[in-house]
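In structure tokens below, several structures.
Okay, so subunit A shows up in both of these, paired with subunit B first and subunit C after.
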Partner chain A sequence: MNLIWIILFLVLAPFVGGLISGIDRIVTARMQGRVGPPILQPFYDIGKLFQKEKLRINGMQNFCILSYLVLIIVAGAIFFGGGDLLLVGFSLMLAHVFLVLAGETANSPYSHIGAQRELLQVMAVEPMLILYAVAFYIVAGSFTVATIIEHGALGISYIWLLPGVFFGLIYIFTIKLRKSPFDLSTSHHGHQELVKGLTTEISGPTFGLYEIAHLYEVVILLGMIGIFFAGAPLLCICALVLLYLLEVFVDCSTARVKWQLMVKSSWLVIGLVAFVNILALSLFW
Partner chain B sequence: MEFITFVILFPLLLALLLYTIRKDRTRSIVVYAGAAILSIASLLLLYLTYGQEATYFQIQTETFSYLLFIVEVLIGAYLLWLAYTHKRWLVSVLVLAQLALITVAEFGAGHHTEPYLFIDEFSAIMAVIIGVVGSLICVYAVGYMRDWHAHHKGEPDQRRFFFAVMFLFLSAMFGIVFSDNLSWIYAFWEVTTLCSFLLIGYSKSEEATNNAFWALTLNLIGGLAFAGAIVYIKFFSGAPEMMSLKELTLLGPVVALIPVALISFAGLTKSAQMPFSTWLVGAMVAPTPVSALLHSATMVKAGVYIIVRFAPVLQGTALGLLFALIGGVTFFAASCIAASQSNAKKVLAYSTIANLGLIVACAGIGTGSAIWAAIFLILFHAVAKSLLFMSVGTVEHRIGSRDIDSMVGLIHRLPIITTMMLVGIGGMFLPPFGMLIAKWATIQAFLLSFTPVGVVLIGLLAYGSAVTVFFWAKWMGSLIRYDPDQENEEGKVSFSELIPIQIIGFCTIAVCILFPLISAAFLIPFLNRIFGEASSIIGTENTIIVLLMVLLIVALPFSILYYNRKGTPTSQYIAGRTGTAHTFSGSLGMTRTITLDNYYLGSWFAEKNVLPIGTIICIALLIFIGTIAGVSFLTGTSDIVTLSLEGAL
Partner chain C sequence: MSYITKSPWIIHYDASSCNGCDIEVLASLTPLYDVERFGIINTGNPKHADIFLITGSVNEQNKEIVQNIYAQMPEPKVVVAIGICASSGGVFRECYNVMGGVDKVIPVDVYVLGCAARPESIIDGVVKGLAVLEERQTALKEGRSIERKVVEVNRSAGKAESANESEVSL
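Moving on, here comes the complex of A and B:
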């Protein structure tokens, strides 16, 4: 495992994530004909959250949010340290289970429905996370990110070999970012039917931890998409920028769907595109 | 040798002794002492196998073999009598067919092979599961059955019979895992069928009797296949030395495939794979210790044990892949059904079926890494599932319901038991706990047997796992929901229930932490001997990460002590209205109650939708297996059966 990368990730990821989030808000605003906040607004928001009074519904909830943050960071450290992709997926899953538990423990109707929907989101994306790791194993011969990037530098073009897997991952990217049309469990805006859904009962510094975890997660997700372009850094950055803008565009131009459609469509896309991609590889690679 | 005979015979003697004891107190003491001795003996056995080759002990006298035959005939006669009194004609036909087959096998051909008892690392691990987990369940049963009879006033108190059968069951399981001779395994196999029948039908209600007979019927179908395998070996194979498990697995696919297919089929029935899954779900009518025993230490584990033993034969054959597919389909379908259940015991039942499916899939793939994963799945599942069953049983007696939605806020009511339940649930699906380590290895094993079938299995595993996360996590959510109004009533739980639950909870965590040791000390040498190739499936670096994560998860709850004190307490937001944890004030000042139920996705995953599909697919796969085996039998060639992977693709 590469310690330098781990430290870089730990220190820089929140800033990178915050900047991305700031740009996201400006672009979103422009698409909606608004001026939008300053680019550093996410940092101001989080800073302010830590000055708020510490309220608690119960101790368990705060504990679960802390675990969520810790496990997201663990997942990121494994990924950027060049570790095992399956482990990354498992840690992300564990982190989200803790987030769900944080929502459930509050015993509030809004946060309960939000938590159940978050769980459905986990269920919708989980097959993709496993197939993603498996796809790289088939092509690169290893689950470890370090080896995958090495092979990418040697000339294996993952994006040409795994277009289906790539598309599947892009599809669940929206679910993971909790952007419309899949902002079911909670969203960046007030929720019409669920107040703030999963995070309704989370406030003050604890909510700050949640926001930081989200910044880390955005960076991890971008990294996961990025390794499709291993060996071509310029192409990688262009692709990530384009993709993120596409996400913002989708966010602005679609309405929230029901959870049934989310789970069905996500499973269908994963099955038809990512799984078929892997099956074809297993026959011909 | 003495030790092996001891662990087989000791529970048998205990069973006889317990049947004679009428006094409750004396019986409890005998059960406690017996369980302690049995646990220590099985752990000692495991210790003794460390660093040893597989050891075989010849049984000098043939009397034992005849004795076992007599036992089989007696069981048959008893079942026939039961079938007659209950008018179950199908059962009597199956029993008669089986009796005919084993009589022919017994007298039609001599005893070509000497019977052996043997022990290797896999047997020893199975013995620890049977000895420790099984004994603890018996201890738990002491307190539980006292409560059970208090709740079921109308039932006749047959507890001495109950405990006798429980220990007989353990004895038969030890017999299965230590016998080398197939006819011995078969005899013990039939004893477990009988024991499960007696235990499932313990309460004399009509439902219990029906379900017991259904379990009996399906298991007798498997037993018939087993008997068929014995007859085939003795009369048709030309290689009667195959009666020895060791020889059978050494002979390889060309000669051994038909008996292996038949016995693996028997394994499928016993381990409740689709299409035979219904008996295990029906078995839920029995008192909880019975379910715990059937699901974790005995019965279903006998089924997967025998299939895993045959892995070297199944490896790389079309038959092996078909069995693997049955396992994979069962895993996915049973996981889906589990997600739609609100009855906690049914969730547990279907998750058992699902996990056994995964084990069967690994055994069908049959490579060294797959067997590594399979044995760890058996081990982790045994501890976590017995823990969950015992906890649910106790909870049911306290809250009067086994519905997950009525377990809301249980952490306040029964904190220790609920914590143990959370450990058990975590053990079933959360990284970095055991089952996930095993699933991880499973993915790698499927990949290493790199074929389209392997990829299909991974697909089934990926989707199935997603569903497992869903149903386990929502159960956890219900348990930890904050509810200050609940009172702690843990004091009412008897020690004989509380202590085994805590020991198994401790074991669940210990096994997770010790898995690299267990792997290095027992599994790797075992796999090396059989496959000649084995390294730890999960690399050193990843093992360290996993262990760190275990420590993290175990350490995190301590931070709750710190978090609990800080912060201003507040109540939850209910659209600006005033309320409590259970109520809010609605319009016109009405007080409305809040109930928060879980999502069950009934319209997608209901039992009635998914079960038929899974059953039909698995029956089709079984017909495929049957055709291949049948053609090979009739033509006398085994080319079609042993279709190697390269050939098939």
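Moving on, here comes the complex of A and C:
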């Protein structure tokens, strides 16, 4: 485990995530013909949330959101410290289980439906995270991120060997970013048909913690996509920028789908593209 | 430093009447006026909101809903009554089921006049509300009780006139 990278992640990730989110909001606004907020808007929002009154509906919810944040940070620390990909996947899943619990502790029906939809989102995403780890194991011979990056620097081009897995991961990236068409449990925009879905009953500083956790998660996901381009940092940054712009474009141009379509389509993509990719690799690699 | 003036999230409720002011509030969110420039987001969730925009006069049926939304908002919070109906009841004032302006039910901080209120004056009213919001933030921090002052935004001038300042006890 690389301690410097872990510390860099812990300190810098919220700032990087916040800037990405700020740019995201400006680009989204420009695509809609608006000017958009200042680039530092996500920081203002979070700062404000921590200054608001603490409206606790119960003791459990606060604990759940805090666990969500801690587990996301643990997942990120494992990933950026060069740890095990499987552990990253499991920590992310456990984090989301706590988020679902936070939604379920409230009495609001909106919060409940949001929590159930979040479970469906976890269901749609989780097979891909497992296959992602398996795919890298087949190519690099190890689950650890450090070894994977080492092999990438030695000349294994993951993006050419695992295009299907890459596509599958991009598909679930939209779900993870809470962007349209898959912003079912709660949206990163102000409005959603379930009031605010999962986060309806989460307010003030607790909601601030949730927002910070989301910023960390965005950075982890970008890192997970980034290691496909291990050994080519310039290409990696270009690809991530293009990919994020594509996500914003998709967000602006699509409407929210039903949960059935989300689960079916993501499993179809994972099964057809990512799994076939792995199958072909295990036969010929 | 107070972040609350840089990130005021609004919740919008149309109590009754003709929907004219309602449409104008939504117009403020469109590309032409784009209130997100000021960090304003239309949340639709009282627990995330800082500013309560309310249009139309309050009647017997939605009195409790208005009070409920207000009660669910965490402090510091500001109420902006938009349009003449929300300010005084307007032409519906004498109706048997109309209670009158919003201030009959919850304390109002900013009155935006007009029928219908223009998006410019609505934005102006929200910006006036920000000053109240900041004052309340400091009051909350220092442990003082929150004072309710009334600000009025004129339609024709589009400027705020705090001539009608009076204390309203909660």
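Quick notes on this structure:
Heads up, the rule we're going with is that the second predicted complex is superposed on the first by the 282 of 285 C-alpha atoms of A that agree within 3 Å, B and C clash if a C-alpha of one lies under 4 Å from a C-alpha of the other, contacts with A are read in each partner's own complex, and residues count from 1 in each chain.
The criterion applied here is as follows: a residue touches a chain if its C-beta (ideal position, glycine included) is under 8 Å from a C-beta of that chain, and two chains touch if they have at least 3 such contacts.
Please read these numbers as outputs of a predicted model, since none were measured by experiment.
Overlay on subunit A: subunit B and subunit C fit together in the combined arrangement. Applying the stated contact rule after C-alpha superposition, one finds that A:H112 touches subunit B and leaves subunit C untouched.
Rounded to the nearest 10, the superposed model shows the Cα centres of subunit B and subunit C diverging by 120 degrees about the centre of subunit A.
Of the two partner chains, subunit B and subunit C are each touched by A:T200. Shared-chain residue A:I130: touches subunit B; no touch with subunit C. When the two complexes are overlaid on their common chain A, residue A:S187 makes contact with neither subunit B nor subunit C. Looking at the shared chain after the overlay, A:R34 reaches subunit C, while subunit B stays out of its contact range.
When both complexes are overlaid on chain A, the residue A:Q121 reaches neither subunit B nor subunit C.
When both complexes are overlaid on chain A, the residue A:E53 reaches subunit B and subunit C alike.
Once the two complexes are overlaid on the shared chain, A:T174 sits clear of subunit B and of subunit C alike. By the touch criterion defined above, A:N277 reaches neither subunit B nor subunit C. After superposition on the shared chain, subunit A has more residues touched by B, the comparison being subunit B against subunit C.
Figure legend note: subunit B and subunit C, brought together by superposition on chain A, show a least Cα distance of 5 Å. Where the contact sets of subunit A with subunit B and with subunit C meet, they give residues 53-55, 195, 200-201. Against subunit A, the residues of subunit B that register as touching in their complex are 409, 430-432, 436, 440, 443-444, 447, 450-452, 454-456, 458-459, 461-463, 465-467, 469-470, 473-474, 476-478, 480-483, 541-542, 545-546, 549, 552, 556-557, 559-560, 563-575, 581, 594, 596, 598-599.
Interface residues of subunit A facing subunit B in the complex, by the touch rule stated above, are 1, 53-63, 66-67, 70, 74, 78, 83-84, 86-87, 90-91, 93-94, 97, 100-101, 103-112, 115-116, 119-120, 122-127, 130-131, 133-134, 137-138, 143, 195, 200-201, 267, 271, 275, 278-279, 282-283. Considering their complex, residues 25, 29, 32-38, 41, 44-45, 47-48, 51-55, 190-192, 195-196, 199-204, 207 of subunit A touch subunit C.
Put simply, subunit C touches subunit A in their complex at residues 1-4, 6-7, 9, 31, 34, 36-39, 41-45, 47-48, 50, 74-76, 137, 140.
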